[in-house]
Amino acid sequence: MAEAIAFYTLAVLILGLGVAVVTTPKTVHSVLFLVLNFLCVAILYVVLRAEFLAVIQVLVYAGGIVVLYLFVVMLVNLKRAPEAHEDPRRLARLGLGLSGAVLLELAGIVVYSYGRAAPSSAPAAPVEGIVGNTEELGWLLYTDYLIPFEVASVLLLVAMVGAIVLARRES
Amino acid sequence: MTGQAAAAPIFDTDELVINMGPQHPSTHGVLRVVLRLDGERVVDADVVIGYIHRGIEKLCENRDWTQIILLTDRMDYVAAATNNLGYCETVEKLMEIEVPRRARYIRTILAELQRIASHCLWLGTHAMDIGAMTVFLYAFRERELILDLFEEYCGARLTYNSMRIGGLPLDIPTGWDVKVREFCKVMDEKVPEYEELLTNNRIWLERTRDIGVISAEDAIGLGLCGPPLRGSGVYRDVRKDEPYAAYDELEFDVPLGTRGDTYDRYLIRLEEFRQSIRLIRQALDGLPEGPVMGKVPRLIKPKAGETYHAIESPKGELGYFIVSDGRATNPYRMRVRPPSFCNLQGLRPLVVGHLVADVVALIGTIDIVLGEVDR
Amino acid sequence: MLDTIVIPLLKILVLLNAVLVAVTFMTLLERKVIAWAQSRLGPMRVGPYGVLQAIADPIKLILKEDITPARADRMLFTLAPILSLVPALVVFSVVPFGGDELFYVTDINVGLLFIISVTSIGVYGIILAGWASNSKYPLLASLRASAQLISYEIAVTMTLVSVILTAGTLSMVGIVEAQQESGLWFGFVQPVAFVLVLIGGLAETNRAPFDLPEAEQELTGGFHTEYSGMRFALFFLAEYANMIVITAVVTILFWGGWLRPFPNVEALAFLDLVPGWIWFFGKMFVFLYLFIWIRATLPRYRYDQLMRLGWKVLIPIAIANIVVTGVFKVLL
Amino acid sequence: MADAPKSGEPAAESSSAQPPDARPPAGTDGDAAAKPVEPAAEAPAGKGGASGDTAAAKPKPAAAAKPRPKPKPKAPPEAPKGPVDPPPPEDLERPAFLTALEAALPGRIHGLAYWVGDWTVIVTPDALLDVAAFLKDSDDGSFDYCSDLTATDWPPRGKRFDVLYCLYSTRLRQRVRIKVQAGDGESVPSVTGLWPAANWLEREVWDMFGVDFTGHPDLRRILMPDGWQGHPQRKDYPLEGPGELLLESPMEWLRLRNARDEAEIE
């Protein structure tokens, strides 16, 4: 019961903050709403007893990535909105398309998981009485999900190289 | 989308214009530097001065020849005795007064003490600008000893009024020379102490090596003088080139830099500590007997004529250009060539291309006193 | 009820007060130590040997006028000091000051990560303070702060991985217990990591020689230029609280927390007469003193040099350290 | 001491050679007409007494002058007409750069002056750049260092400003001054192209005297605030700051001030 209340409160908060991120006129404020959003997600993880994920969520997203966002927002002149340079309708179409795709995906997941018996999948038969889930997570990442993990890291590497190429100055 | 936009002007970073000063902890007074920054890199700088312009040159043209000595104190107020010396020497040159040898020796001692005091202040503030705050207090501790010596000699600690046209107002008090020797001994120990804190300190090296490099040709062209000029390897010291006071009778070396960077200028000033101590010791050893005041007419009134005379102040070539019309008891025109003013002109070429943090290091390395820049 | 709510609350209350008092006296300690380093006396007027200066300062700051610049972002301007202080205080909840349960609020299984992640939130205080002031020097400072803190957070976190590898746990209590089991403080096992964490800790708390975001000589006080009164005091509290956290973490990770020297040597058992928490605070004090000493001695790094040190020196060494530790772990 | 160490080689030669002949006539020549009695009386006294040691001669004129100037210490009502610019004594050997300059630019040099060991080359504004460039580049001169650049104001004179360039050679360690006369509103070519050091110095002369420098890259006020009226170092600019009369007609103000000074003296 308590968990359900926590979940729904957090869900409302997360959604509300998400809307706030998109609608706030000041960019810095909107970035801050994003931080709050991430913190709420972290609390959600805690409720799900995934402390490690929660902490990593705070560390990586709130403590790292969004700080970089703020850095960029403060450094870069954002007085002129990007729409001034491009066709706003094209962006709107792109956005609609993307969000539609995400929505579809979510719906698919929901439908798919309804069709199956839920909890049996947990492969984490508590190994040798480990407290917490850090070690479990590690096992899973390096055994069952090794290929997605490696693919993700290669993807990040590509992104990093791309960023360096973009940022490099012609000289 | 991001890739497209990166080229578009949305991601242009605006140049940030910041005002460093007139009130800023590191501008050594009321100096204002308008910096145009790209991120933290200085794209351009405009040096704005004049905030404490008191019209000293104009005032001098309305004061007696003797009264002016007081006014010169107020220019480079951390090296007042040097200013006195420059002015008195110039008037003596104009009037062709011979200064007794003893007075010349004592003047040399005073000027060199003053150089140490001024360099102490420079070292302290320069190190403080770069964040080493302990050096500041160490250097001020030794400067205090010099101020005590001056207080004993002439009764004042900052604005000395310690010289007269034709000589000195007073002979040295008894026992003063012993105290000066003791001070030299103290300084012998303290200079290595400063060096220990800074010279081989990695952070200090990184902050000063290759920062504000200026070539010998540029330094000469910009009219830099004193340690900034010698830092670029130009052998130029008024004490050697156009000797005054007792410098032609004393031995000392002129330290020269090789790279012309902030670190070289730092090393030069530290070496000047040692050379000044050496000069003071020699002058004390060879201190002749005799009067300290030359034969000077009761009414000081140089014949009509003009002259330029320079001495080596702690900051560089301190020149006086004085015109007498031969009729009034005040100079017709008195011009001071302030070393800080001419060195400060070199700030802009030095800072462009460096970071904000280097700007404070470079203001420090030039060693300016705004009282002298603005007069 | 008593165990789950009242006692933790009491502990939190005591801890909060202790931390705040410690922080006030830290300022006095800093002033005194720096004064001694500079051959002067430091504060001497308020109370015997200036001891009460630590109380006079907060009183002065509280009574001062609290100014908000006209064109500042009022909400964020007020929020920023709070944002920087709160994480610094929250972290103390997982710091064990002794082996007994009495000496810590809670011991969670990801304690170390919790500390890192919560302190990383503290950056927002500095960044927002600089931005919300709507003033140029603070803005430059907050740009510096964000870049600096992220770079050094990566370095420190990577270094800590090797410590976690050695200890086999993320729990703060567990790490100390691991040192007791092995009979060796990790400072001797992981000396490189210790040095890296110390340097990274200096950088993360914006202490000299890495005090760029508040470099008075360059940025006239940096991110807190526009702050006065109590709000300024909050930044101050946060800085010193962070310092205490870092020293506590270093003590726990590398110098055996509340353990006596050579915890496995029976011949030294008489050292156990000294309670564990005294050992703990003694070790912390040494590092606090070291922090202050460094501040009195070293010049300040420049922004790009700081970045170079972080990215090109500390992070590669940290990675190498992980590899070496991993190899040893597998071999032994 | 009087000469030798202070003023470099030319001075050393001159002081031993012949101070007594050279200077006093110079002093009287220049402004015998303008001067009242005493300086004229002073000059012969100096001439007679200084049979080799100038310093010894000093007390005499001073002693002679002592009773008179006491009650009259203030500036005389009429401002001096101009600097003395004593010509160099005939038998004084000229430094090599000056002979080279005279040979290279005949007719461009308005005059030479010599006083207490300092050489001054007097030129007109149009010849300034040629002379300056020659002094800077010639092997005998190589005056690569612009020590100082300043001006002097002599209001009653037609070309009221003397702009002075104190040059120094870091290689040959010698000094020379260039003097250019310029009228109010007349401009002088800027030497910033030769010596970048002149940049601020010319700005200061513009600020303080209002001498315009053509070709200066950035001629703004430097010491006074940007919107300042007047040029403070001019002789007709009052010490206590600008008043209304000064701003309207400076010469009238100067005449009134001199009259007031005279009244005060009496």
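General observations
Think of it as A, B, C and D in the order they're written, each chain with its own count starting at 1.
Assume contacts are C-beta pairs under 8 Å (C-beta built on N, C-alpha and C of every residue); 3 or more make two chains touch, one makes a residue touch a chain.
Computed from a predicted model, the values in this text were never measured in an experiment.
Dropping subunit B from the picture separates the other chains, by touching, into A, C | D.
Note on connectivity: the fewest chain-to-chain touch steps from subunit C to subunit D number 2.
Across the assembly, the mean Cα position most removed from that of subunit A is the one of D.
Centrality annotation: B (chain centre taken as mean Cα position, compared with the mean over all protein Cα atoms). Inter-chain spacing, taken between the CA centroids of subunit B and subunit C, is 43 Å. Centres computed as Cα averages put subunit A at a distance of 79 Å from subunit D.
If you average the Cα atoms of subunit A and of subunit C, the two centres end up 29 Å apart. Between subunit A and subunit B the centroid-to-centroid distance comes to 61 Å (mean Cα coordinates, whole Å).
Touching two or more other chains at once are residues 139, 143 of subunit C. Annotation for subunit B: residues touching 2 or more other chains are 39. Counting partner chains per residue, subunit D has no residue touching two or more of them.
Those residues of subunit D whose C-beta lies close enough to touch subunit B in the complex are 1-3, 5-8, 19, 23, 27, 30-31, 35-36, 39, 42, 46, 54-56, 58-59, 61-63, 65-66, 69-70, 73-76, 80, 83-84, 86, 115-118, 120, 144-148, 150, 152-153, 164, 166, 170, 173, 175, 177, 195-201, 204, 208, 221-225, 232-233, 237, 239.
Those residues of subunit C that touch subunit A in the shared complex are 73, 76, 108-110, 113-114, 116-118, 120-121, 123-124, 127-128, 131, 139, 142-143, 146-147, 149-150, 153-154, 157, 170. Those residues of subunit B whose C-beta lies close enough to touch subunit D in the complex are 49-50, 53, 55, 57-59, 62, 64, 89, 92-99, 104, 220-223, 234-236, 241-244, 248, 294-299, 301, 303-310, 317, 319, 321, 323, 325-330, 332-333, 335, 337, 341-342, 344-345, 374-375. Within the complex, the subunit A residues that touch subunit C are 26, 28-29, 32, 35, 51-52, 55-56, 58-59, 62-64, 67-68, 70-71, 74-75, 131-132, 134. Taken in their complex, subunit C has these residues touching subunit B: 34, 37-40, 136-137, 139-140, 143-144, 208-209, 211-212, 215-220, 296-305.
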